[in-house]
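Each chain carries a letter (A, B, C and D) given by its place in the written order, and its residues are counted from 1.
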Amino acid sequence: MISLLHVTKTYPRTGDAVADVSLTLNKGEFCFLTGHSGAGKSTIMRLIHMAERPTSGEVRVSGYSSTTIRPREIALLRRKIGYCFQDFRLLQDRTAAENVAFALEVTGAKPQVIRTKVPRLLAQVGLASKAEALPSQLSGGEQQRVAMARALVHEPLVVLADEPTGNLDERATRGIFDLLQHINQSGTAVLLATHNLELVRANPDVRVIELDHGRLVYDSAAEEVRS
Amino acid sequence: MTYSLREALVAFRRAPLLAGVSAAMIALSLFVVGLFGIVAFNIRKVIEGVEARGEVVAYLRDTASPADVQALRHELTGVAAVREVRYVSREEALQVAKEELSEFSAVFGSLDSNPLPASLEVRLKPNQKGPDVVRSVAQRIGANPAVEEVRYGNEWLDKVFLLRSVAATATGVLGAGFAVVAILIIGAAVRLAIFARREEIAIMQLVGATNWFIRKPFLLEGLMTGLLGGMLAALATWLSYSVLTNAVFTVVWIPDSWVVGGILTGGALGVVASWIAVRRHLRVA
Amino acid sequence: MTYSLREALVAFRRAPLLAGVSAAMIALSLFVVGLFGIVAFNIRKVIEGVEARGEVVAYLRDTASPADVQALRHELTGVAAVREVRYVSREEALQVAKEELSEFSAVFGSLDSNPLPASLEVRLKPNQKGPDVVRSVAQRIGANPAVEEVRYGNEWLDKVFLLRSVAATATGVLGAGFAVVAILIIGAAVRLAIFARREEIAIMQLVGATNWFIRKPFLLEGLMTGLLGGMLAALATWLSYSVLTNAVFTVVWIPDSWVVGGILTGGALGVVASWIAVRRHLRVA
Amino acid sequence: MISLLHVTKTYPRTGDAVADVSLTLNKGEFCFLTGHSGAGKSTIMRLIHMAERPTSGEVRVSGYSSTTIRPREIALLRRKIGYCFQDFRLLQDRTAAENVAFALEVTGAKPQVIRTKVPRLLAQVGLASKAEALPSQLSGGEQQRVAMARALVHEPLVVLADEPTGNLDERATRGIFDLLQHINQSGTAVLLATHNLELVRANPDVRVIELDHGRLVYDSAAEEVRS
């Protein structure tokens, strides 16, 4: 469903953020994306989200190719991708509930759909009591969970979760991970970028991809095939 | 549409300052245009008033017989452009001169003979008062042997029409200048509005809103801001007109159609400026 | 100071749009004031011109002897407000009347006796032309038995002074109105500028900058924006003046001190508006 | 040097973020601040920074008291506190180096001081090569390290580090922790809020304070005294 074919992303002064990476994520697959700070994890997610175009190579997502996709198609594609941004990207002048509802409103969802979905998702990330709080009235971890709720609101085909537990304690981390696994079981693919090696080690049956200075240096799925 | 409308309204509530400044700038621009409209409309009225007077006076020779005069009157009444011909006798002329030049009534009183000639005052039809028509009628009258001299205020008329063409030129130059300034200011205001909401636009794009959907509330906001600005401008223009006409000199209020046109122009300016500004922004993003 | 100056300059580079709009709004306000200044200055000039003419004419009785006239001339020359006294004989008066009323030269030519009286034209000193002085001089002359009638254009003078007081009132009302609008607009512009830099201000406060330090670049920015706006306004006013004086009618350019004062006013407005806006913002934070 | 005396912070709708907390941090002390997401860690730091005033109780920092401090004194106090914010708070239109220099400039530091200090600090957090990059051109972890460099630039008496390793891999986390310990050895107190229990467990000799729903539930220093 998602495939990167020899993708390189070069930034003017900083050089290659992603270098000749090829990988495939199948429908309904769960995958960790690890690597040191600056390894290129977020860049790969932005490439899948078509927020960046590869310098060379091709990104294919749900039938669209980065070489031919048109602006309107990007908008439609993004409705199938739930992106939990590393820096949250919440609107400061809207409450938690409004931030989640916003993603539905601007893609033309019906009011009654919004009314039922938003409270349910906030409850799932453990923020039912903070629905009416502005981001400035939330703790770091609470903001992170709002971002996660928004990523899930479109019932996406794939969730890109960029360091979704960096500001969370162990219990909340477990909660988010369980939620993602639950969603994964109903057929949604998940790509989870994280530095939390404890979390990775605690789930040895989940596929792990490791980046190092933009290069793909380890893919547990490929290892399995090889061995 | 409900979403766009609500967002556009919310934008006013959320950034009343910004919306206010935008509307004020549109208002200011249209206010200047409005003041200019009053001036232009009043110049037009003055010209029309002057034209309405437009008449030709034929001074008759003392040797002209009543029959000659009658024939000339008849001939003139037949000319297409002429509305009315009035005969002023020598006595009547002296009477008028005594009244109009009262300072010199002693002079006229001590006269032993009346030095003033009789005359025919020819009035033209309302739509036949251009300088060319007046001149041709005057020449035709002047050709009659019973007429000693023809006056038609040619200098005065020429001056009025010069004034009109100068005013038209000034309208063109100043009007165009103000329009350009207005568009620049409105464009800047809308780009400021978008600048203030760039976060929101960025997130809309990230969660999959189409460009058209993003654009709509801004266009609606531009429309409403423009209409508001237009109405403010109309109000300000009317207030200035009231102050002016009461305190300094009497001017005429512009026609209602101009007012409505101005307000709609405000709305149109708002939409167009929003369109350009949003389009540019969405292209960059 | 170097930091504040650099920041203020950088603000222009970083948000040229915002700085431009602010300057343009100050410019627009001062431009309106500038146009009004030209009108006011020209009204003043007209009044001065009218006053400069200010003279009293004494028509003498036909029965007055040359000695009486000589005595009156002598008496008038002694009056403090009088600059010059000129005798106009009856023949001279007829000559002038014939020239000025050429249309009726036939009337004057056929006169057997001259109906016009001799007169004394009294010119007043430049600083003694107020309506009160003129009136008192005229009354003094009228009391002399050799004088039949005194004219001093009292109606005309009264009208001019009425015009002046109306103009002064209009200046007050319109000037105050525009000043209020200008201050509101500038205040809004500065608050927008602060709005655009609220992140930066917040971080300055968080890392331990004093409020005075935070305020300085904004005040400097306000000053520079205001001065720029003032200069733009001066330029725009001068351009309008040029167009006006060449194309429509001749007006006088305002004194340089007014121009400098206007530019400095722009700077002052910018500083004051920044001060108010920053103060409010820092208090909230 | 820092002491909280029966401090409570109540927010209008959400209730007590910090409830009756008393603690003392001595000059040159190193201390972890732990607790679940929303426990009140960031709120305590904001109280020490005088960005919030306690609803009741008193906060004393370096001779100033929250009950009497005046605006100008808050500015001067903050120059002695290095605050590494959980959400970074970087200026988006300035490069990494300019962001660090900014904190010096706006407190009236001399240009030559700025020129020498800024590159040294960026090198210490491992970002020497990214000095000229804007925040939008940095990865999440790189932005976090810029925030840390800025916090250290005033050579503060105390460093408040709020989740400074949430976006960092294990090696970079170790680097930041070593840097803080190094600074601590030269007499600077450090208060480090974190969810990274691995880091806490790996340093058993460091004082740990734990919050739970705004209450202080554990203080290793007090335990030692008691036991």
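Basically, a contact is a pair of C-beta atoms (placed from the backbone, for glycine too) under 8 Å apart; a residue touches a chain by one contact, two chains touch by 3 or more.
Predicted, not measured: the structure shown is a model, and the values here were computed from it.
**Student:** Taking the mean of the C-alpha atoms as each chain's centre, how many Å separate chain A from chain B?
**Tutor:** Each chain's C-alpha centroid was found; their separation is 64 Å.
**Student:** What is the distance in Å between the mean C-alpha positions of chain A and chain C?
**Tutor:** 69
**Student:** Chain A to chain D: how many Å between their CA centres?
**Tutor:** Taking the mean C-alpha position of each chain, the two centres sit 29 Å apart.
**Student:** Residue numbers in chain B touching 2 or more other chains?
**Tutor:** Within chain B, no residue contacts more than one other chain.
**Student:** Graph shape for the chains shown, where an edge means the two chains touch. Line, ring, star, complete, or other?
**Tutor:** Looks like a ring, each chain touching just two neighbours.
**Student:** Considering every pair of chains, which are in touch?
**Tutor:** Those chain pairs satisfying the definition are A-B, A-D, B-C, C-D.
**Student:** Would you mind writing out the residues of chain C in touch with chain B in their complex?
**Tutor:** Listed in rising order, the residues are 17-18, 20-21, 24-25, 28, 97, 101, 104, 106-113, 115-116, 166-167, 169-170, 173-174, 181, 184-185, 188-189, 191-192, 195-196, 240, 243-244, 247-248.
**Student:** Using the touch rule from the top, collect the residues of chain C that touch chain D in their complex.
**Tutor:** Going through chain C, the ones touching chain D are 3, 14, 199-200, 202-211, 213-214.
**Student:** Chain C touches which residues of chain D in the complex?
**Tutor:** 49, 51, 71-72, 75-79, 81, 83, 85, 89, 91-93, 102-103, 105-108, 150, 154
**Student:** For the complex, which residues does chain D have touching chain A?
**Tutor:** Interface residues on the chain D side: 11, 13-14, 35-39, 41-42, 86-88, 130, 132-133, 137, 139-143, 145, 162-163, 166-173, 195, 197-198.
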